[in-house]
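Chain naming follows the written order as A, B, C and D, and within any one chain the residues start at number 1.
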């Protein structure tokens, strides 16, 4: 649990950080939505603000004057409890509110929240604020990956920043960590913040297994490509094979083969691929097919959590074999906040760890990220098990 | 393991049974495919036959004369190893081969198989035959449910048979079975036949839980409908809610409200709904929403298996909360038979038990059936847990 | 106007002829609908029958007992006036009513109509009967072309009949007929039967033009293919070019290139293409692109009609440059019969002449056939103009 | 033909005018594409510029330095001759080049063109420039209508300008102009600029007809709505009826019913509808259904042109009954400019006149505008005939 004194500072820092992420953008970059999964940066800035207004200011500030009544409609994402919302696929059709207006909205809500917390702090209110901060941090990672998609799919391939360390070199030798058969405790286990889906801590029985101390690298993945891994149906799930063929997938997202050499789009523009960095921007289908090709497999999320203190992690979201399901005794929160996690617990896979795009103080070894198995615009990667 | 002497008899019985299922049909009923999941009965008859020809006769009979070279193309379902196949959605566009020709094909292959096994039985060959038999039995259940869909979606609502006991009355009182926290063994555990996905037997840790001794009934489900369960978004997964709205779902499949009363299409035609029979033809989404509405949940497949000897089962395929995933140490078979199960282990939910449409000798407490969460043309149902 | 005495005989002949067309079919062939434009033969047989029951027997026979109340729903095609109908794309999903039942329906309605006309003939009733007969004749052509599509898209490529003369050889030399500039009268001009869309006769002004005495042949069309006509965007309409690319069109419908030689599916099965027969099964887009490639053009429907007595026609429906629009003073009929033609007068092209599949007594030089520009399962062809 | 001295001035004025149209926009408004038919304003500004660079500067300026090699790819619309282009539906996904960069591009090309024409004017070059100017003027109208769509579909309904006279009041009484049967000359007939589709002038024979001196008004159209015109299938083409039902159309585009009163979005924001102004933003399907309901019809484009000097026009693009087809002896231009008109001559309807959004000097009584029959974001309207 965060110290009461620091909470407001944590809030202000977080608000600031979202804006720092957007500094390199042109106004036009805030608006577009090239695929339905990617939201306009402007929308992320507004939506995270709306969250504080809707769940903290409106219920807890007397005579609170909302900034603009229409914004609730525009910036609600999926909270059916709260009323109508703009269909997700239409977010990129809205030129208004302007970026300038969204920044005014941010400032208005930030100041009103600051004022509220300067005068009143209670357990319940602090908890709500902490959720709002973590919600904004989660969107900071999406901001970064959505910006990458927006620029990386523009025919001009414009750069975002030269300072972002996106493809760290990892030279330590690959090794196998052995874990004994037995009962392990899984799930969040402290007073610090976590999402409802990480609770309650419970026992699982694991068979003995081995897990790699290292993420799969570009070099290994290029071997898979050269061994015609994308053309061998027996390495793929049936749905994965359909996905490969319908989308004509032949390499990870952002990869381009130019005159026989592999390049990829990075935040710094188009660059040659380095061999000894962890592969990224692959779908679960690709991760699974790679493991099949190696004669190995992905770990389950329980295997990952039980072993995680023995290996370095944090560069890539690691696809696991686990489906995203409730833990035993999972209890979703009441009201709109209950829509945060539980209603997505079907058809998605769990990813563990965190990535180069995850903001500070938003990482836990019990964190359960989740995406559909075909998606790959996040900084996804894989670690093998056997 | 089935006694060698009985295997051939088991084979002939099974072949016969598929044809008995089709006896009430008109020739026209064998041909159509009203939705992509439902195959024409003619196709099931041909496909199960092709399986014996392709995997037993062609490799093991010297100078085997195939019945028709084109049939491999027409009746292959998803075995990419074996070559090109008719796209699934085109099965209902093929008026040829005729039903008569398909029956000739069946007889030809049945006789050739009989002849082979009268002269030669080996462990390997027997195993293949047993797989082929179970494959055909699995298609017998699909034959029945596909026939129901074909006739039940025809505007004339023609009857199939008056003798099929589809909606058994269950009058025993509902009770809760308590299971202790601890380690349980899960998976197939004998020399008898099973599919690869039921192996290998392994330990799981279960928290203490309670599971109902009874399936949810029509009466209870009508209460859910009347309580506006189909209109309350907070009972549904996000994907389930989209499914309800896009398909305008307001009741289980085959249900019709006529002058204020609920009827459903049955094999005997349109009938009034009985209150004290187990609900069926619901999707996982509906099962989950019902449980949410009750403040309860579905069991996992492990909870189901650990408790199953304490309650009667066998009328409905019971949706579980578990995703269809490999057991630890799962090893898929080599070659085309390896395509049977493993490649579907993504995006599907496990169903346990068996149904009124499951053929004799095709039921095991370790059997793992699986379907996408939106499908409901099987005899699906649900049992609650807490 | 047909002699009153012969009308009943004409009716009975026509009814018989539809059934003769179906004689070579297997029961299964009556049921399927491989694309939405193609109807199951069973449906044509029922729909033409329903037309007599709905528009003649029900209003004009006292206490007429309809054959089956559900058939009005099943066999109505697009007459919104008459009530609900099965969605066109669902026709191939209906195994019932059975073919046998449809033939009973035909016989029932034919006999009732015969009985009615033996006792009563009036101008109004005769007109209705004549429309019904021509309606059935129109469906006879569709029966033939739909059967060809059903069998010609079956992977077994089964034959229908060896006696159908589908690709007549035409050896007369190609020549240009010159027509003088001036006013021409267009439209139907006798007391004989015609559809409302051929009325009223009116004047059009034509510039001088030349029109070919001969249809374009397979040989000429192969030259177009070999000159890469399907790859040259500047020969195509923008919509045509999209159609070519989305559907990967590289040759007329039913054409197959096998070891460097062109074959096509015919009613007699797969055959080598003859060079000196008129090209068929091409879309308007292909006809237009061919003409562009030649530096020529298609005639308008007025040019065609004004010149038609100077050249032989009747093997292929000839695409014209004209859009299907009402003639001046066009007046659509009242009630359901008014839905016959007028409501299709947008987005379609006119075809003139008739084809090898057109039944006897269903051909007129003023007949206006119409299809969307991408369709080619009719016996379409083209004649050049300049 | 425009006087040589004035051509350069005409060019500079036209370039300026496009930018004046965009003055009220926020940067964000330049970027979005809410439906495929609507292009981002930024794209119009770039595309009209690219046209001058591609067809005038590149071929006619020695050592011309192109502004940015990628822009040819980004701003080409449909000129297949000129190479690859961004798929139309992706225009709204491109945040770059920025608006600022596009304005730099405009200025660069405008100055280079000015310099070229100050030093060299030839017949051929002047003709190209004149086409380029008219091309830009055509896009000015699209700019206006696309801006209206972008703002009018934004949930905030922002205003564009209060000065645009969009809904002029017309109080003159409705009357019928009679035109005699006979031969009329149709098509462009001077040395002034026109598009290739208006040539060559030719004779048509018209039956006697009457045409209204007045456009249909909002008041009349509200009567159609209140008479349940949108619910009566017999007023509609079959395709129109499908369009109404699939899109749930119940009123013209931009109309909203609020507490029993009709409002519409205008450039000045949401306003009450005035009864005595010409109806606009209707599809051809709606225009046709309205005429059917009145027992009248739309004029053909020939009837319109022959009568146009007898009535005022110029507020609305008037849907005609005519399909967009080539005139006799139509000859499309060589090269890329030949793609301008001819390749759209299928499936579209002709509109005559011009609208409140048409720029100065871009209107002719022989001008043939064309759109698909379902589109209505232009200032479309209708005039009745009989």
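As a convention for this text, a residue touches a chain if its C-beta (ideal position, glycine included) is under 8 Å from a C-beta of that chain, and two chains touch if they have at least 3 such contacts.
What you are looking at is a predicted structure, and each value in this text was computed from that prediction instead of being measured.
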Contacts common to chain A and chain D (chain labels): none
Label of the chain whose CA centroid is most distant from the centroid of chain A: C
Distance from chain D to chain C - Cα centre to Cα centre, in angstrom: 37
Intercentroid distance (Cα basis), chain C paired with chain B, Å: 45
CA centroid of chain B to CA centroid of chain D, Å: 58
Category of the chain touch graph - line, ring, star, complete, other: ring
Residues of chain D that touch chain C when the two form their complex: 78, 80-81, 183, 202-205, 207, 209, 233-234, 236-241, 284-285, 288, 297, 321-323, 325-326, 328-329, 338-339, 343-347, 349, 373
Residue numbers on chain C that touch chain B, as the complex places them: 26-34, 42, 70, 73-74, 86, 90, 92-99, 150-151, 153-156, 158
